[in-house]
Structures are given as C-alpha cells and as structure tokens.
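The following pair of complexes shares a single chain, subunit A, combined with subunit B in the former and subunit C in the latter.
Here is the complex of A and B:
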C-alpha cells in the first residue's frame, strides 16, 4: 500500500482543522473556554518546563503498562490453553461469556474498597478491562489453526510443549496482535478513567486534567488531553512496529 | 430431565465454583463481613433495588443515552464505511482521520465536552457516538472491501443506481461485518455511559453506583454492579437475537 500520499493528506487535514480553530478563536467567535491551538501548545510547553509533567506521564505510563503487561502474559497464556485444551476452554467459556459484555468500570468502587485508592486498584481495573479482547482473540486464533499443522507436528514427534511453542504460538500471533491492539487502546482509556474517578492527588495525567478542570484552566485541560492522545498514538504505532518486525511474514494487512 | 440439568451444571461449572468459593470465603469470615458480604445478601438487595423506582428512573436515563448514542453512531458509521469502500476520494479523506483518531483515547475529551455541551445527556451521547463510530466504520469498511466484485458488476450491468446498490447489494453483503462492528460498539456504549455518569452526573446507572458506593455499604454496591452486569449481558443477548434474525444465512 502506498502510505505516503495518505500521510500528506493527514497532515494537511490536521493543519486545516487547527487553522480554522485558531481563526475562530482569534476572531472570538468561539467561546474562550475552547482556547486556541497556539495557547494549548504554549501551555503544553509550560507544563513541560514545569517539571511535574514527567512525573505525571511516568506514573500514568507505569499504571497502564503494568496493566498491559499483565494482559499480555495472562491473556495470551490462558487464551492458548483455552484454545488448545478443550476442557480448559469449556471451563472458562461461561465465565468469559458472562463477564465480557459487562462494563468493568462498574467494579471500580468495589476494588477501591478492597484495595484502597492505590495503584493496585488502578492496575487491576486496567487488567480486567483489557484482558478480554486479548483472551478472546487468542482463543479463537488457536481454535482456527489448521489441524494438518498439528498432525504433521505430532507425526514428527513433537512434544505438547514443542507443539504449543513452535506451531500454535507462531500461527496464532497475527490474531494475538489484533487482540493486543484493542487491549492497548482500552488500557489508556481505563488509565484515564481510573485516575479521574477517585481522589485527585498524587501524579497522573488524569489528575492533571481533573485539577485543571476544577481550576477552570481549560488550556491546561486541552494540554493534558493532547498528552494522553499523544501517548496513545505513540504506543499504538510502537505496537504496530513491533508487529511488523515480529510478523515479517504476514505484512499484508496493518 | 435430571441428566439435562446436570449437564447444564457441568457446562457452567466454573460459575458455580466461583459462587461456592465466594460463599465459603464470606462464611468463614476471612475478609470482614462489611467488605465481603454473602452473595445471598447481595441478591436480596439487588431484588429490593429492582422493584424500587430508584433503579427504573436511573435505568431509563442510561438506556436513552446508550441507545441514542449507539443508533446515531450506526446511522453515521455504516453508510460512511460503505462509501469509503466505494469512492476513492472519500477513502483518501477519511482514512487519515481514522488512523489518527483510532489510537487516541477519546474519553479524555469528556471534561471538554462537558464545557461545550453541558453536564446533561448531550455530552454523554456525543462521547458515546465518538467512541462507537470507530469500530463500526472500520469493520464496515473492511467488510465492504471484501464484497465480491462480481455482485457489484452484475448489479451495475442491470442498471442499479447508487441508492439501489447500497440497499440491495452492499448492505446485505456487508451485514456480517457490520454486526461484528456493532458487537464491539454496544458494550463500549454502555461502558462510556456508565463511566461518564460516574465522573459527573445526577442520574443514570453510573450515578446510582457512585451514590451507593459513597454510602460505603458494600452489599448495595455489589447489588448495583450485579444489576449493571445483568443489563450488559441482556443487551448482548438481544443483539445476538437481532443478528440471527437479520443474517439468517450466515
């Protein structure tokens, strides 16, 4: 696919939106709380120079990446086991089917009472939300493996562990990455939500936005939103880069 | 008969095991009872809630937000996805927007939306639309790309205009992929609705939940979580039924 013209169009569209926004704000046709792109970039710079920003970003990233790491380890392992062993699959299916469609954010008040308003609660809620897309994608991926691969592996005398590691895992990898991409997006959503619900102290981009909101500083709010957006964007691109490095034999779709 | 029931129990053994473990922990008093009430107590409270107007008032508010946001997203998203697959210009204009917007956590815009649209339903519905739009458009787009060209050529040959092409050919042929998108979007709509109601609201299921949790009576919180869980489960079941009705051939 030729990505270059699309990238050009993306830049032009973004610039056009910012220009219109800036002009509307400049002529005071927008209410002042909508700020303007230049003011937002200025306050992003102020926050950066302030020094606290790195702490905010660091704590937020720590929470979301810990949650994501747990999802990768637990979700992929359980998914492969549930797809490969029918008994594990039938055992886990009812739990997953009932828990999957419910909004996990509703568990936040319960976890808060059990574990306090700590990072444990936040990482757990991130994990619980992001686990299901990864698990379901991995399980379905394993289930759709061609039986021939498994048979030929067994025929050549592979042990179960070798089968899982050398055949099941690589064949499922594209599906796993599809699931992980959805999980990663949810990770950042839950990072923001778990920080904005609950007391606003400590560090984290959610707190930054909440405090700016309470203080009526909409330009700081926009700046915080821009930082969260940037993080989400960067990590998504990172995941896609890893995918194209690991899955060099499956580049036909991204 | 008994065998059938037993088979059902075996099928759902994991849920029963979970419940039994929960009950044992609650009965042995490993965790303080205030933090870890027995499931029977929770079910009792949930029943009390379910027959009180408190639940139905909040439930109707949430459902209006979820359904209107979801419907608007579907009505915008499906035609847009199909148009992107048919018209190159549309694709070139929309594709960059999608690839920029998709990985950005759009919930973070909520505080700003509150400034713009107020704290009522407007900001919540807008956020739901924003969040549901992406999975619907992307799934519709890839589904419509995979529609066999022969169908399109055949219908063009028989003189179908754009309108007929959309309703008679592309929409039915894309329907399975559209439902995949809707399946992802519907739980998202509920999540966003509850989340935004928890952040700031005076009505809705999310408000009920945070209202209950501020009283620190854990069985009330668990009961409202249980009701929300049932709501989410029912919504996915209903979508299943609709999907079976509409794409019976799949």
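Here is the complex of A and C:
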C-alpha cells in the first residue's frame, strides 16, 4: 500500500502543468483571453470574497445532488428489479436501449415546455443523464450474482423480498458503487448544461460562467469552471470514502 | 401417526431437458428411500446426473415427473426442512462467520438471545467459535465448509443434502473434514444424502452407497457398508475397505463400457 510516491507524481504533474501554463501566459504566447493560472486563482479569491459565490455553489449543488439522489433511488431500485426479474428486464430493455444513446440535453426544450424554466427541469435533465450508468451497472451486477447465494437464502426460508434486500442488494453493492461513481461525474457535467437556461437571473455556477462570458471576464469563466471541477473532485472523494466504509468486507475495494 | 415415514422418499423421479431439437433424459425414473438417521451417498461418473438429482430433492431444480417426500411431506420448492450444502462456498462474503450462521435464524424470526445461543452451540460444534468475527474470505476452504455446515445445522433441517462439499479441498483436508463430518453427524443424527465422485469418501462416510450410472441417470447398484461406528481414518487401510472400494470401482468402470439398464432400486431401511 505504498501510495506516497504516486501521490507525489500527481502533485508534481499538476504543478508542472500550472507552471508551463503560467510561463506561456507570462511570455504572452497565449492570447489574453486564456487567463493565467494565477489570474484565475485571484479571480476565485475575488468571487469567494464576493458573497454570491456560496449561493452559486449552493444552488448548483442542490440541483446536482437532487438529481443524484433520484438516480440512487430510482436507478438502484429499477436496476435490481430488472436484473432479478427477467420480465422486468425484458420490458425495460428496449426503453433503456433507445433512451440511453440520446443526448439528454436534446430533451431540455421539451422539458422546458412541460415544466418551464425551473429547477424541476434542471433536476430532471441531470437525473435523465446520470440514471443510465447506475441502472446498467446495478442490473448487470444483479444478473451476475452467484446462484448459490440465492439458493442458500431460499434454503434458509427467505422470501423474495428478503432475498432482494438481504442478499441481492449487499452482494451487488460493489457494482452499484461503480455505476454511481460514473453517475455522480455526469451530474456535475449536466449541472452546467442545465443552468444554460434562464441564465439572466438566479444562481448557479453555470449562470456565473455565462454571466462572466457576457461581461467578457474570461478569468471569471475559468474560475467558475475550476469551482465545478473542485466540487466534482470533492464529491467523488466523498463517494469513495463512503464506498470503502460500506464495502469494508470487499477484498477488491479501492 | 399411523405410519412412520422415511426421512426421504424419492419415487420415479425423472428429469428431461428439452432443447429445440431433442429431449434429453437426464434422470430416468429413479426411486430411492433414505431411512431415518442414515448416511446415504450417491457415487457416479461426472455428468451422470447425481448432482442434478440432489438439487431436485433440494427443490432448486424442477423435476419433470415423480415425487420427492421428506418425512412423508411432498416438496416442490427449496425450504429449511432440507439443509443443502453446496460444493462451492455459499457463505455470504459481506458477513462475518457469526452473522453468516445467524442469517437463517434471523429469517425465521428466532429471538436474539436464543439465536445467539444456537450460533454459539454450532460454531463450537465445528470448532470455529474463536473465528466468529472473521470474514469468510479470511478462512481456509476447509474452515469455510465447516461454517457452512454450522449454518445449515443451526436452522435445524430435518435432513441434510450435501453436494460434493469437500470436492474443492486438497486430499488431506478432505480426510480431516470427513472425520469432522462423522463426528458432527454422530451428534445430530440427521439423515444425510451425500453426493460425491470420490468412491473412498462414500465408503468411509456412508451406511449405504448408491451407484449411479450416467446418461440418463439410473441406479445401477446399492451397497450397504457394514463398518461399525465410530469410524476413523485407519479404516482406509483395511482390506474390507479396499474390497468395497474395488467393488464400486469395477461397477463404475463397467458402466463406462456397457451401460446396464436397471431402472430403479430401493434402499430398504
């Protein structure tokens, strides 16, 4: 478990990228609209000092995490049912296989007609995008359960509900977490996309970036992007932490 | 109670696998009676249907026709009246040894205090009480199968079904497990139907060895093993042991060349 050298390499790599970027910007080899890292960090500081940043982050997080919560509930439940009951799986397959390749952002105008320029629309578009990795991973995880686990459960008199809750769910958890990790990343991707509607008023990092664009402040745009990246990074780490706590028994855990 | 039932009665059991092209008869009208408290083994070449037979008795695979009765009660589905031990470990990897054994008791709603006492009793019986907080992945193959046995005994089935439970173990561990199994069995005295491809294992453990011949499975011979109990590993060295072994060995190898068609035999208690 010697991760230290690897971590050092990652840090050095990041610093090197920033250094080269900064130098290129310093020598003016970059056009001015590619702000230098130091300028971006300064802008991040300015945004932080300005009270609105927490609001932007708060609203963005609310939308992402609500979408993610829906993914967890609906994706895992449907995934387990589709994996366990062949009929449910067969029923859902054509729907999933047609919806999955559609860029969900194409549905945004339709959702806007239905739900208006609201957070409902935004959360739904996040959910629709992030749903599939979680659903597919859960369904396939359930399908690959060792038969003897289910047989053992039946042998000990478990009902179908008990089998699903006390065997299928825990044994599929590693796969579920794999799917959720991809889904979580997508919720942050879609958070920005969902905020391109109704940018003139309201809060959110997407709005922040678009407003900076209108105001010609590339440094603020980069700062907004950096904040999204930072949030994505933090929540990915958070998910991994929860995963290793929950899956303490899993020999293959990260 | 007008009539005392046998532990297990299998009547004219037939299993047919249907494919698009043809019907394959895997088990052809096998009848077998296992008397109360007896240890009965089925041996046969691999792929002869002996494992399928056991899975049907367990209710895990559907039969095509025939009857399976446990103490006179006909069975269709898996249930806690028949404790099944599988070849590969069926222990739940996310639960420690204690919780694995407690699982079936929780399902059946046994009160916590009583449950803990039962788990302790059977983990001590298989000599793994000290390992109760370990995960299955931290145990050796032999220990895992002992936990499996404790888990089955804990929910107190009427009969035990064992599908090559020591098949994945090395030769020495397997012999140790056989002795352990006999010791544990002598305390519970539950009727056992044991499937194995290992002739010596069958002779060492059993009161009766049933020889299956394959494709479709029919019973070709039923042999009573007349060694007294308790038995120990020295039995392996005796001349009578080798006689039994050779007798069964010849039978299996004859089968290989010219299949005989004895449709059914009954073990009488």
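Just so it is clear, the second predicted complex is superposed on the first by the 247 of 254 C-alpha atoms of A that agree within 3 Å, B and C clash if a C-alpha of one lies under 4 Å from a C-alpha of the other, contacts with A are read in each partner's own complex, and residues count from 1 in each chain.
Note that contacts are C-beta pairs under 8 Å (C-beta built on N, C-alpha and C of every residue); 3 or more make two chains touch, one makes a residue touch a chain.
As the structure is a computational prediction, the values presented were derived from the model and not from experiment.
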Which of subunit B and subunit C A:171 touches, first, second, both or neither: second
Contacts of A:37 with subunit B and subunit C, given as first, second, both or neither: neither
First (subunit B), second (subunit C), both or neither touched by A:196: first
Touched partner set for A:112, first subunit B, second subunit C, both or neither: first
Partner chain(s) touched by A:89 [first = subunit B, second = subunit C, both, neither]: neither
Touching partner for A:154 - first (subunit B), second (subunit C), both, neither: second
Per-residue touch tally on subunit A - higher for subunit B or for subunit C: B
First (subunit B), second (subunit C), both or neither touched by A:249: second
Of all residues in subunit C, those that touch subunit A in their complex: 58-60, 77-80, 82-84, 86, 88-90, 92-95, 103-104, 107-108, 135, 137, 151-152, 155
Touching residues (chain side subunit B, partner subunit A) in the complex: 11-15, 18, 35, 92-93, 95-97, 99-100, 102-105, 107-109, 111-112, 115-116, 186-187, 190-191, 194-195, 198-199, 206, 209-210, 212-213, 216, 218, 221-222, 224-225, 228-229, 231-233, 235-236
Interfacial residue positions of subunit A with respect to subunit B in the complex: 5-7, 9-10, 13-14, 33-34, 90-95, 98-110, 112-114, 184-185, 188-189, 191-193, 196-197, 209-210, 213, 218, 221-222, 224-225, 228-229, 232-233, 235-237
Complex interface listing, subunit A residues touching subunit C: 146, 148-149, 151-158, 162, 166-167, 170-171, 173, 247, 249-251
